[in-house]
């Protein structure tokens, strides 16, 4: 049988101690049975390890940071596309997603580059600050939360949720507070770094479980693998994890995808309480760094997503191998300075 | 042999993750022309710095906004926000396109009258209206937007004195879920202040309540807040209909639509995140249409948007005075315009493009104005190709609040020109002269002479 | 004024300082100047060479040259004198 060969561009090549998902996705694509690939890396920094991993990436181009604006990004992508003729693109950073979602139509129509991403409404709605309303709207259990703009609002919020409670930044960072003073301290620290508002969230005690999956945008769940982290790094990232047999979690995920008509990859972060209740903590609108576990467990979700974009019939995965583990390891690459010179000066390698 | 174009030699460190561009390509393209007229020729003819307005862009902005709202709502009226830019030529472009005037002081009010706007098409807003201002507005039949109870009482008294029934609206503030909440203007919705004021007006019978006005904030990136505001305004209007059987003629949603400028501290570029006019129109019109008005009770929708209609039509052209190296190794470029002219650089990272072709290399630079004042910083950090003294730059999105907020300080203010849709250039304000400035100064006789030895 | 012996500039304008591990990028004129300095040329010669290649006046070049070499010294790419 004749397999097609796709040129697929991937960002998130920072396979460092708090890794982006790029390399995991590339491994999934290389394992694909239904097509062959040529991989184009898209890097922001000259030291992203993926740039130098020539077994995985055929060629890397630097792209401008999201702060440079969509116009500049589009111009750069047009150039890269004129060299490489890209079929599909995988954006992987939270900060870049907004720009890619906005450019999606343009990229498909003018450059012929396909992507599968959530809609801008889905992307905005699931933001931390909006998650509580999102939960109410879609009948998903989420910890109670409210956005506040001043420490004066802390006591009122504390009365509602009681201590301990979680003080969260708009984009990153979360700290547990046990009294008003501590909450105010966290508020000041986090708001200084990430700005306002600050989220005051009910503290839900339990263990964290995550799901990596894809929705087809019509309400169907195409694949999902639940995972529990077995060990985490000091940055809270997974060091090792294992796939779980958890019908309840899959049910919740199926409901979420059906209710929101989620389109594209996602990672759901849940807390499971001692009473076996599941609270949704976060929706990440992209594949997580541990997504290669889904391939190991028998669901090549990265491959499925590309086929979905190419208009192929994609059958939902029916099962996965429970008890599949991943253990992350780091490795020191040996690199010639000429390679660093090339990516640094001409922005290509 | 043809000599190559000279570019200042530059060196910059590479490692330590400082590379935030792709290779050595530059971020911006040079902008050599505005509406087909070359920057070089504009500066040669009118001097540097120079404000340039594109009439074509202004008309296009307003037409597009009108079309966008009118496609969704049957009765729409724009009123040009004078404070955004009250150069007479600019105002008249908008008046020619059908905009009324929205003013917040007697000075602006007189300007609008002088421009030929009929009194009943001038919306008089703002917390500062003197007795005399109110009398003039009553005489001209202008809708007076009442800001506070003191004004309400005063106006009622003056109306009695004049034996007139002024047309009024009240300014309403409310919680729309955004921060900061603008509760300093008008009467609050949630606490019942607004409803109370409405009751006072309608019970007294001395004033004619024609409208309701709100203005929820400035540079609003969240269109949904306008949906909340429109629903609350509609709720008031329906309450008035139910209790007093009085039809409100218009709901004035004010302004606050964002332009494509980038606010300081914003991670993404303004042009990437600002909602479009249709995003705002959609939520406002939907909220009003779904509020439950009977068809012929539907009030007109007034809009006072300023910034979003003019910002991208204004440019500030300038020139490089000098380059220098700061003690910490950063490059600094001194331009011939400062914060006195580009006041908005206090809160925006204005997009600034070189006005001539350049190479592929860039440098991180601080842009200073020419004032001998430490606060005179146009951009704390910008990546630009090396500029030589005498080179020109173009500041984008400099149409809103720049001219009206510019101040005469240390230097004289520059000329302002408008390029018409045919590409002809017209001076719409001459550059300031020493004579203009001293025109109102008086010299006591005993100070007229001195001798220095 | 001399560039340190172990420092070279590549055709892409990449400069690596092997004793510190730092690397830099220079634009084409910067590259020309570094190469001239490597050949121990004096400012008069360098100016002559640059001005025969590029459209530039005396004062501008001298000012920029001074600034550029100050940066080279700053980055410790010049021999101590």
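We call the chains A, B and C, going by the order they appear; numbering starts again at 1 in every chain.
The rule is short, and it goes like this: contacts are C-beta pairs under 8 Å (C-beta built on N, C-alpha and C of every residue); 3 or more make two chains touch, one makes a residue touch a chain.
Computed from a predicted model, the values in this text were never measured in an experiment.
Across B-C and A-C, it is B-C that has more C-beta pairs touching.
The most distant chain from chain A is C, comparing centres defined as mean Cα coordinates. Chain B has the Cα centre that lies closest to the mean of all protein Cα atoms in view.
Centroids built from CA atoms put chain B at 39 Å from chain A. Centroid to centroid, with C-alpha atoms defining each point, chain B and chain C lie 47 Å apart.
Chain A and chain C have centres, each the mean of its CA atoms, that are 45 Å apart. With touch defined as above, residues shared between interfaces to two or more other chains in chain C number as follows: 13-14, 23, 25. Chain A has residues 344-346 in contact with two or more other chains.
Residue positions of chain B touching 2 or more other chains: 14-15, 24. Across the interface of their complex, chain C is touched by residues 337, 340-342, 344-346 of chain A. Interface residues of chain C facing chain B in the complex, by the touch rule stated above, are 13-15, 21-30, 32-33, 52-56, 60-61, 64-65, 67-68, 70-72, 74-75. For chain B in complex with chain A, the touching residues are 14-15, 17, 19-25, 27, 179-180, 265, 267-269, 271-273.
In the complex of the two chains, the chain C residues touching chain A come out as 10, 12-14, 16, 23, 25. Residues 44-47, 61-72, 76, 95, 98-99, 102, 149, 195-197, 344-348 of chain A touch chain B in their complex.
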